[in-house]
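The chains carry the letters A, B and C, assigned in the order they are written, with residues numbered from 1 in each.
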Amino acid sequence: MKLISLLTDFGDKDNFVGMMKAVILKINPQAKIVDLCHQIKPQGLEEAAFLLAHSFRYFPEGTIHLVVVDPGVGTKRKKILVKTKNYYFVAPDNGVLSATLKLEKPQKIIEITKEKYFLKPVSNTFHGRDIFAPAAAYLSLEEKPESFGKKISKIKELNLPKPHKSKNALSGQIIYIDRFGNLITNIKKASFNRLAKKSFFKIYCGSAVITKISRGYVGGKATAPKALFNSFGNLEIAAPNNSAQKTLSLNRGDTIRVKAQPL
Amino acid sequence: MKLISLLTDFGDKDNFVGMMKAVILKINPQAKIVDLCHQIKPQGLEEAAFLLAHSFRYFPEGTIHLVVVDPGVGTKRKKILVKTKNYYFVAPDNGVLSATLKLEKPQKIIEITKEKYFLKPVSNTFHGRDIFAPAAAYLSLEEKPESFGKKISKIKELNLPKPHKSKNALSGQIIYIDRFGNLITNIKKASFNRLAKKSFFKIYCGSAVITKISRGYVGGKATAPKALFNSFGNLEIAAPNNSAQKTLSLNRGDTIRVKAQPL
Amino acid sequence: MKLISLLTDFGDKDNFVGMMKAVILKINPQAKIVDLCHQIKPQGLEEAAFLLAHSFRYFPEGTIHLVVVDPGVGTKRKKILVKTKNYYFVAPDNGVLSATLKLEKPQKIIEITKEKYFLKPVSNTFHGRDIFAPAAAYLSLEEKPESFGKKISKIKELNLPKPHKSKNALSGQIIYIDRFGNLITNIKKASFNRLAKKSFFKIYCGSAVITKISRGYVGGKATAPKALFNSFGNLEIAAPNNSAQKTLSLNRGDTIRVKAQPL
């Protein structure tokens, strides 16, 4: 029995997610469905790409990751199905899979075109219900990827911001802010360590300067912001029992700089 | 194995939905439960009626649709179970099913009165947990509808707003606004086409005038509002990658007019 | 097949809950998971303790209640597994279980220490994913509680506010406000009845004085606030089809007084 995970920007205000689940279960009553996240901000491709890349590996092998963040719905953007060593992905071809597929190489990329798998009539506004959910459902019934259309060789890339490195500094960006107001940057532990492991370092984030890496969220002066490597391996700025976003007045896209000074 | 769908105004802030699921699974551990929507605004009968009528058909045959939007909880309003050709519905008799039962004729309407199916003690404030969830759960165990009480012949009707038609015009209302700020009207495609198919037409929505029907959300001048028929078959006003609600300052209940002028 | 319920302060904005479910299903693909609530305010131990104590009994016997409200994540606070007559609980040892375990006596308390059940590497910031979810998953595979670590004899207590009683009065607190704006107090029905059953009484809540107990939310003068005993057996102040929180301008922690005057 295959698992289907759902990642969308549909929120929970409407019936969109419920209808996708209905369609899946009508095709495969045995399907098991898990919500990964539905609160991606409308059309938030970068946010969805980030969450998927940091989540997909935690699922059982064979999981079908169904991703519907689809600002181009109804246009000529492709619908794709990707098979990797351990997972399947079903999504619009708009770059939302690109960060993930750098971590888990595609073995097959199929353009979904076979109309026999579509829910008819196909609307121009809700391919999540009419094309993507049915594709994931038929895939969970062991339908072969090749049945859904022809192989293609490339997917669209998303241009995600990367940290800028110089000899004594690293300049990254806040790429995600979680419910707790923790500021997650695109600076990875390995990259930070290459710069700062054998040096004094200063992390500049808004009005704060942080000079050490903490092990976790709690401990030390209660109100001072902390820097730590989070459960994804990214540099994160946190305020103990508080929102770093609010206390530092920082937002997605803002710069976090690390400067090193040899010991 | 029967599926149970849940549609309520309980939101996700509290434990209400979780308790209903607990009660269902205590009675039928094999039950499969799908959330249709829980963010109906408190006591929002019209909104719930709209979402149900546009969703129920996507579920597998035999699905039990459990609807708890229940401003009259604890009063003498009836609790009903309705069997149609393809589905079951369990809900308070307050009109929330009436739009749906115009699309799918009731075969049996049962007033739920048999206390042996209630969770005791029955509270006066949470019949979702104490009466409706148990009824759906026992129904999913193949209990016969007649076991729950006596047949009745009528359900309460909800007075939903209908478009006003004149010779050269159609005047509808915004009846639902989704997460993306799309404005969904009660003007159906067939009705629009009878008026406007062989004519020039103008759609008046707030400060905007729209003179064509688009195929989808994207394309054309990026910021101009668009009119299209959505995945429910209703006339919808959308702003590409933006909220039409915000850009047009329109709200639920506001009027959308279509005027036709012969070619 | 055991059921796992989830109660967290993770909200739905991020992928935290989805990842916990992924980890559970990777260990036990047959696990059945029910969301009790994820919208506990960040670090809201009292709120979580209240919801759990009023919900756990509605679940099937044998349910594993997984509670992750964990302000001390990464510190030396213990991770515990508690077995009672009918249920299992997996949580940080921070008092979040204490109200529940007054209603359902612990038979065994185990400190979770056996690393073979952890997801490696264990982060310092997300024990929900790395320790608690795996523990619940292995427990659902019939692993014995003793396998997870050594027995301990005590858990941490949470100091929950209690009503203050005097001869002719009872002074309680608003301990929870639900989605509908209903004000739930810590005054229990039995306690109220001992004071007020054979007396006139007045309930003072903000600017309002209420002199009777209603059966439910509806009926009587449409706008007057009502007092009733809710589905948990607590005294609750409600405004018919309205938010009592807004109409009375009251909040969590505010005092509700009951005064009795002999007949």
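The working rule: a residue touches a chain if its C-beta (ideal position, glycine included) is under 8 Å from a C-beta of that chain, and two chains touch if they have at least 3 such contacts.
Bear in mind that the values here come from a model prediction, so they are computed numbers and not experimental data.
Visitor: Keeping to the contact definition above, tell me which chains border both chain B and chain C.
Guide: Correct list: A.
Visitor: Hey, what angle do you get rotating chain A onto chain C on C-alpha, to the nearest 5 degrees?
Guide: 120
Visitor: Does the chain A and chain B pair touch with the same residues on each side or with different residues, judged by whether over half of the numbers are shared?
Guide: Copies use mostly different positions to touch.
Visitor: How many angstrom lie between the centres of chain A and chain B, each centre taken as the mean Cα position?
Guide: Between these chains, centre-to-centre, one finds 32 Å.
Visitor: Which parts of chain C, given as residue numbers and ranges, touch two or more other chains?
Guide: 12
Visitor: Any idea which chain C residues touch chain A in the complex?
Guide: Those in contact with chain A are residues 10-19, 21-23, 25-26, 29, 42-43, 71-75, 123-126, 129-130.
Visitor: Which stretch or stretches of chain B touch chain A in the complex?
Guide: 1, 3, 5, 12, 32, 34-39, 51, 54-55, 58-60, 63, 178-180, 215-219, 228, 230-231, 236, 241
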